[in-house]
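Note sheet for the following structure.
Chain nomenclature is as follows: A, B and C, assigned in order of appearance, with residue numbering initiated at 1 for each chain independently.
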Amino acid sequence: MPDIQTREQRQADGVFQLVSRVAARDQAYKQAYGSMAHGLPILIRSAGLVQAVAFVQSRPNSQQPQKDLLTDLAIVLGYPNADSLGTASRKPPLASYMRLTHEALAALLWFKRFAQSVLHVEGSEGEEP
Amino acid sequence: MTTTTRLLFIHALSPLHAGTGQGSGVIDLPIAREKATGLPYLPGSSIKGTLRDSAGLSPEETAAIFGPDTTNAAEFAGSVQFADARLLLLPIRSLGGTFAWVSSPYVLRRFARDARDAGIDDLPAPPDPPAETCALASEARLVIREGQRQMVVLEDLDLQPSVDTDLAPWATKLGIWLFPDPEPDATYWRTTFTERLCVVQDEVFSFLLNTATEVVARIKLKDDTKTVANGQLWYEEALPAESILSSMLLINPVQAPKRKALDGAAIEERIKTMIQPSLQFGGKATVGRGVCRVRLGGA
Amino acid sequence: MSSRRDHLQSLNKNACQHPGLWLDKFIPTQPQPQQRTGEDVETKRNLVTDTATIASTPAVLDLYRCSFRRWRDTLTHLADTELRLATARGRVVVGIGNASVLETAISLQRTYGIPYIPGSALKGLAAAYARQRLDDTWGKPATIYDPDDPAQQPPSAYELLFGATSTAGYVTFHDALWYPDDPAHPQSLAADVLTVHHQAYYNQGGSQAPTDWDSPMPIPFLTATGSFLLALSGPPAWRSRAFEILAAALDQMGVGAKTSSGYGRMDLRSLPPTSTTPCGKKGEQTAATPSPRTIPVVGQIITSNVIERNTQKIAIQVPGHAPEHVLAILDIQADTPAWQPGEKARVEVIAIETGEQRTILRVQRAPKNRKS
């Protein structure tokens, strides 16, 4: 299925461009952005796409890197900003919600890979559960 | 030589880390899934291994049933074979009724083929619910009401419920195999099962398989730390407690030279004893994963 | 701003029988940064209190109790396994850093939504105690045992109990499920409040997402209370040593988060005998006396599924009720539609007959242009 591969490559390429821009930022920014790339897919699984998006959007300004990652995700998915991604995730029908979730998780896999290879962020740090 | 075929059900009582898939996704340690269908499974070889290890039989009987240990594998084959156990019912959190045992038309059709091999030919075709709906055997627990609307809410998905009479025989049959008398509370669990059985479209099921399994965060401790418990987070996937998988057991008694012979019925009896009261399957056993009930079903 | 899908917007906690699902996916709004004020705290406090309430409702607890019974029964018959009860002196919060839309999470059993202490947390605690407080026999050795290297020292007791890189430990730490049969502790979850000034977290580079606390506001969060069923499997001598270590660790160190504030301390005791009431009995009683406010009133219009039809009558499901307890009956008239079992019927309640076993709603076809 060459068509799908092309789309996937296009998506990977888009993510790569966005993550590469982050590589020029300071270490703290890269760490925060990269950690979110690892953590957001898990948050989407546990809280659902609609809640995960709203949660990151509502972060205070001190968490700009995390919010920037969400904006970058929205752009890759074809939305101008995180707000319109949020609005889209709330709308019926169910099938489009499931598709949007699926696409977000697929795109985040690229964000995670490039966070590892470009930003050298291996995972998020945490306390012993 | 006659072959006896039985259905074999694995019912997880604690989260089941079934096999290990490739860790290239968003989850570091995923469970194994069939390549073509994405359906989680537990390899037949691992079922056989667990039973063999738990047997508590004499070495002669163990060899007669499972074949010799691997060093003498060429000598003669065992008398039992286990098919891969595939996920049949995935427990999904539900606003009504706490959780639903969810399956899909594709999964049930595949199960019906296995069941026919085991001599059960009276299961009706499974329901094929349209998009955004689900088929239930009973409305008693899962359905909630919102204004004039009735719905079943699984995770954050709302589905229009309808009771499908073709699902009743499925609920009854599976209920009897999974919760047979005279086990404690068998009647209660059969009712509970009927009330929570829910069939969704294949696409919805596939979505749930990819987003609604259990994922827990673990900490990779830094080896040099004695006091600090900070470390890197990683994520492990498991089938949640109450997941139900189905496999097939093929009994084909092999008469080995100079070995004790057991006929099919005797072997089945031994297996029935071995699976009591529970067995451990899959990885991460030392933190309590994979404690399962195992039950046989057949005509 | 809303953070639920439009279709689920107006659901309230009475519709929910899964504490974990409610906590994870049904927070109604996520306030914007400029509104991180009292309203934010109020939303979270409500979420946390509602979750604790849902965990104590009879429908949730009756099912959980039966599942717990089967779990206990299974462990009782499991070879080389010993059970104890661990009772929290105060409160316990395990899994505070799990992914969540609250700043603080808690480990709830996935399928039932009731708190538990993961086996991995208990094993980690016992191992940490052994490393930090016990002498070299039980402490972690300087070199890691490698079975493929004959020049190596034999494995230490620590490695045998907890396992090493290439070997599994001797002792299995099962998940400790919340114990529902302790009359002194009928509630599994309680709302708690954390007040912290956590500026320091941000100065570490913001790597704590999504667990972050940057406001000096009180943060409502959930804690577990009561007793938990501990189970260890393994050879008897190792098992009893593991229980000793675990008991000391729970007593002195505590499990989970906020142990420096006294959380997570627990006492071990032997397990009381199991209750003999068969499952379902209590649940049936609860269902037989549904609260009056959830039964539709006269004049109300309901849309529901037809269960059965004969020549004179149609039996219709009453949403939210088992037909054995509450049922709607319609006497077929000339203008009654050809509703068949499984189809939806829109009907109006005209009378209610409350019987000892069952409540019957007499209904008629709903007038076309009236809303309930």
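Definition applied: a residue touches a chain if its C-beta (ideal position, glycine included) is under 8 Å from a C-beta of that chain, and two chains touch if they have at least 3 such contacts.
All of these numbers come straight from a predicted model, not from anything done at the bench.
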| item | value |
| --- | --- |
| Of all other chains, the one whose Cα centre sits farthest from subunit B | A |
| Comparison of B-C and A-B (more C-beta pairs in contact) | B-C |
| Computed distance of Cα centres, subunit C from subunit A, in Å | 29 |
| Inter-chain centre distance, subunit A versus subunit B - centres from mean C-alpha coordinates, in Å | 33 |
| Separation of subunit B from subunit C, taking each centre as the mean of its C-alpha atoms, in whole Å | 22 |
| Shared interface positions of subunit C, touching two or more other chains | 4-5, 7, 25, 95, 97-99, 118, 120, 124, 128 |
| Residues of subunit B engaged with two or more neighbouring chains | 155-156, 158, 216-219, 221, 229, 233 |
| Per-residue multi-chain contacts in subunit A, two or more chains | 39, 42, 45-46, 48, 50-51, 94, 97, 124-129 |
| Subunit C-facing residues of subunit B, complex | 13-15, 91, 93-99, 139-140, 143-150, 153, 155-156, 158, 162-165, 184-185, 187-189, 191-192, 214, 216-219, 221, 226-227, 229, 233, 240-242, 276-278, 285-289, 291, 293 |
| Of subunit C, residues touching subunit A in the complex | 1-7, 24-25, 27, 29-33, 36, 94-101, 107, 118, 120-121, 124, 128, 202, 205-212, 214-215, 256-257 |
| In the complex, subunit C residues that touch subunit B | 4-5, 7-8, 10-11, 15-18, 20-22, 25-26, 59-60, 63-64, 66-67, 69-71, 73-75, 77-78, 95, 97-99, 109-113, 118-120, 123-124, 128, 131-132, 140, 163, 168-169, 171-175, 231, 278-280, 301-305, 307, 317, 319-320, 322-323, 341-342, 371-372 |
| Contact footprint of subunit A on subunit B as seen in their complex | 25-28, 131-132, 155-159, 203-204, 207, 210-212, 215-219, 221, 229-235 |
| List of subunit A residues in touch with subunit C within their complex | 27-28, 31-32, 35-36, 39, 42-43, 45-48, 50-63, 65-66, 86, 89-92, 94, 97, 124-129 |
